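There are structures below to look over.
Shared chain: chain A. Partners: chain B in the first complex, chain C in the second.
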Partner chain A sequence: MFKSIYNYFSDIYTAVRSLLTGMKVTGHYVFHPKEIITQQYPENRDELKMFDRFRGEVVMLHDENNEHKCTGCSACDVACPNGTIEIISDWEINEEGKKKKIIDKFVYHLQMCTMCGLCIPACPTDAIVMSEDFEHAVFDRSKLTKVLNKPGSKIMDGIK
Partner chain B sequence: MNELKTGLETQEYFINMGPQHPSTHGVLRLMLTLDGEIIKNVEPHLGYIHRSIEKMCEKDQYRMIIHLTDRMDYLSCHINNEAVCLAIEKALEVEMTDRIKVIRTIIDELTRLSSHQLWWGVMGMDLGAITSFLYGFRDRELITDIFEETCGARLTMNYNIPGGLMFDIHPNFQKRTKEFITHFKKKLPEYDDLLSNNVIFKQRTQGIGYLSKEDAISYGVTGPSGRASGFSCDVRKLEPYMAYDRVDFKEILSTEGDCYARYKVRIAEMWESLSIIEQLIDNIPEGDFQVPTKKVIKLPKGEFYQRVETARGELGVYIVSEGKVSPYRVKFRSPGFSTLSAMNKMATGFKIADLVAIMSTIDLVIPDIDR
Partner chain C sequence: MNRLILKINIYDFTPLTQAIHDALSESFSPGITTLIEMVIIGIAFITLFTILGLVMVYAERKVAALFQQRLGPMRVGFFGTAQTIADAIKLLLKEPLMTKNADKFLFNLAPFFVIIASFLAIAAVPFAKGLQALDFNIGLFYIVAVSSLGVIGILLAGWSSNNKYSLIGSMRSGAQIVSYELSVGLSLLTMVVLTGTLQLSEIIESQQDGWWIFKGHIPAFIAFIVFLVASTAELNRGPFDLAEAESELTAGFHTEYSGMKFSFFFLAEFVNLFIVAAIGATVFLGGWMPFHLGNWEGFNLIMDFVPPIFWFLAKVSFIIFIIMWFKWTFPRLRIDQLLTLEWKYLLPINLVNIVVMAFIAMQGWHF
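Here is the complex of A and B:
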């Protein structure tokens, strides 16, 4: 009899105490707002900096003369598991009269890309890198298919 | 037909839980046979997120298989990657350097921690405590930052390649990991204050969803769920791979086998993971982070099996090779599938609300079950 009454009140005591311990933890953060680490995205878009190795979409590097390093060797195409990269090549005749393979279009299907990053180490001339852009949403599906070499761009001298 | 005490005749009836139910954590459909509110039978229906990963592996080269395993159990993706890599390395008979072993082990344990943190948050949310969800994600954010800096992605990391790692660790890796450990050691007692000792939480988990050791073994329930029933099944102890043979850690076992025991085992595993990382982080050996392999990998003819301990249990990778560039057959023995098969045993006789607690504590990841 006495034991059951004792148990009844001790249960209430432990219950209230356990709830108060939990409240203490949450209450701590009410009075210490500096410990909260929430980022206000998209308000902080300007100062938001991704890490160097972050794997966003694939981009082709161009220098100030609108020249890239891609030789059209299709190594990235072979390394890609999903058929994301499609290279349409063309032939160029240089001054010596020799035929040389160049890229016409470097087509990148973002909708098929899994950002695995296997194409980057596969490239022998480091022509492509993964950018830090992670906002891929577009309103039209056709916009996801991109041509990475800029119009009128050429291959850099000395890249074979 | 059952008769209640009032003399009224009652009937068993069926109800669908899922595929779009928030507490199933994905597209899992459970067909429940109920008598009033009491569960008589649970029948899981799968296939809503089946992507035929095993079949896709048969057309891919060995290097390309790895990024598919990211998408199986996405919360322990680095460990999945490692399982495939270890199977391939075993077949090729390449010896990893110490540096690779240690880095892989550290990131394994970080993955396990982040998975358990997410589980803890989501478990609280399932049982009605939103606060724990926010706190779990707060601490997980620091680990995803470490991953993002070193591996390049937050969730689907794809950091392993056959023969080592994709890049060396970032210069900040050790500093950040140590910062995380000191931070999380202070925060882990908060988890106990918020949830473990909470009276409502205890009443909803203690004595619920009992699974005996015999059942755990016969259903193949591994990982924390199996160890909570007293089934010693830690692959890290049984067949040490990578650097697990040189670290000192305990295998957490419990004999109660109810939801609260499974909860407690995971919390204790977080402490163990922290201590494993602490032992390794200061002395990462010098050496290469990649062992050279051929550009197009061809495995010798034969069958290769490798098992690892993911955050959910034992993952087995079975590769049948015919000596070509892609495997003849790949089979994944995923932990979630076996654990789900024991659901009926655990849930029968309990109420629907208890089923939510049971599902939470066995830590289901649906893409891991369906593949």
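Here is the complex of A and C:
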């Protein structure tokens, strides 16, 4: 009897308290407009900075000597779930007279890419990364098929 | 005309309305005078409805955005101020659709029921001194009575749409209003115990030396909280928006409505929010009465300097803000939780509260 009366009032008390806690949280947001998350996108385009783990599109890193790290092993091609990456390889005779596999074209079909990022950990030499660029819209479909290795680039020394 | 402009006094509208009445009486017979006055008041209220709709929809969107750490409308006009005008134009241009087997007469009638209930209720709201269309001696009772008429429109809309979601939504709304009307009435009655009158202008006059929420001790405060909760439920607003529960019933009773008929429901919802806030402000927070502190003559004079209409609007906005705060903080209740809250908690609390208040009033402990 007294137990149930006690429960009745403690219910009211805890309910009011938890409701007030919720109102305190949302009330805090109202009076702290600096915490607003929304960004005014086209206006802030110049200073817009995406976060580190953002997955834009796949790019191949080149250093200042126009050298990349891709050995043409096709591990990224295998890892890709929807056949976005197509590697056209070539053979090169090195100074020791051995034939060595190099890439001719690293073709990246952006229109098929879901930005899942599975190719990045698959790469044994860390040749490709996801960039922070997300403005992919183009007027011509053919522009979506990109060759990632720059013309005239070659593989870095010591990468196997 | 000049004579009328001279009579405009922002602190007291009685001379102005009296002058208009006299001017009309000079040239028309009493019957036609009344008719013209009614037309003037009708036009005034239609204008008010439009402005309220535009302002409050914008306010709601901005306030909701602030509660959710968003910006809200920002593109149309300066800080999105023209957004609601764009919305209104869009609604005007939309095609009024109807379901195939809808009851055509009731389907078209329902929005008018809802909007007319709001019109009836707003007529008794005192905006400022002398700025009140109807000053009944049973004003409070009248507002409570006509504001619950809107539920007939909701029930008709749900029934005539020939849509199961609409019907479930409107039935829920009916159950909700029948339950919560009780709490609204009783919490207002708690204050009527103190005021001793139902006439809204007299209720405001009785708060000249302090608002009832301060003068009535804790019971008045409890009554205010109960009033806020119960009237939120009566407005079908979140967290009590079971009648339209988007996740379960698409849009509840107005699922099948589009264009202007939909906007009638939409407008009525916001105007009802204004009316509820106005009743709350009138009964608990002193209506258009400025904030006075005991014997501080200087302070009271400064407070008197602010026109009553602004006091009224400020108090109304305050209550609207609290109701919006409820909506954008709490999750929606289930129907059984809704009825439990009313019948097991609010109603008993209210009944005890009214007895306590009667005892306080009898002993003369209030200020």
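The working rule: the second predicted complex is superposed on the first by the 122 of 160 C-alpha atoms of A that agree within 3 Å, B and C clash if a C-alpha of one lies under 4 Å from a C-alpha of the other, contacts with A are read in each partner's own complex, and residues count from 1 in each chain.
Please note the rule applied: a residue touches a chain if its C-beta (ideal position, glycine included) is under 8 Å from a C-beta of that chain, and two chains touch if they have at least 3 such contacts.
Fair warning: this is a prediction, and the values are worked out from it, not measured in the lab.
Asks: Pick one for A:Ile93: touches chain B only (first), chain C only (second), both, or neither.
Replies: A:Ile93 contacts neither chain B nor chain C.
Asks: Where does A:Leu19 make contact in the superposed view: on chain B (first), on chain C (second), on both, or on neither?
Replies: A:Leu19 contacts both chain B and chain C.
Asks: Thinking of the overlay built on chain A, is A:Pro81 touched by chain B (first), by chain C (second), by both, or by neither?
Replies: A:Pro81 sits against chain B, while chain C stays out of touch.
Asks: Look at A:Arg55 in the shared chain and tell me whether it touches chain B only, chain C only, both, or neither; answer first, second, both or neither.
Replies: After superposing on A, A:Arg55 lies in contact with chain B but is clear of chain C.
Asks: Taking the superposition as given, does A:Cys116 touch the first partner, chain B, the second, chain C, both, or neither?
Replies: After superposing on A, A:Cys116 lies in contact with chain B but is clear of chain C.
Asks: Looking at chain A, which partner touches more of its residues: chain C or chain B?
Replies: Comparing touch counts on chain A for chain B and chain C gives B.
Asks: Is A:Ala137 in contact with chain B, with chain C, with both, or with neither (first, second, both, neither)?
Replies: neither
Asks: Quick one: is A:Pro33 in contact with chain B, with chain C, with both, or with neither? Answer first, second, both or neither.
Replies: Second partner only, chain C.
Asks: Touching chain B and also chain C: which chain A residues?
Replies: In chain A, residues 19, 22, 25-26, 36-37 are touched by chain B and also by chain C.
Asks: Spell out the part of chain A that touches chain B in their complex, as residue ranges.
Replies: It comes out as residues 14-15, 18-19, 21-22, 24-26, 36-37, 50-55, 79, 81, 114-118, 121, 130.
Asks: Once bound in the complex, which stretches of chain A touch chain C?
Replies: These residues of chain A touch chain C: 12, 19, 22-23, 25-27, 29-30, 33, 35-38, 40.
Asks: Which positions of chain C touch chain A when the two form their complex?
Replies: Chain C residues touching chain A: 63, 65-71, 74, 325-326, 328-330, 345, 349.
Asks: Provide the residue numbers of chain B that touch chain A in the complex, in ascending order.
Replies: Answer in residue numbers: 60-61, 63-64, 67-68, 70, 131, 138, 141, 145, 148-153, 156, 158, 166-167, 170, 190, 193-195, 197-200, 202.
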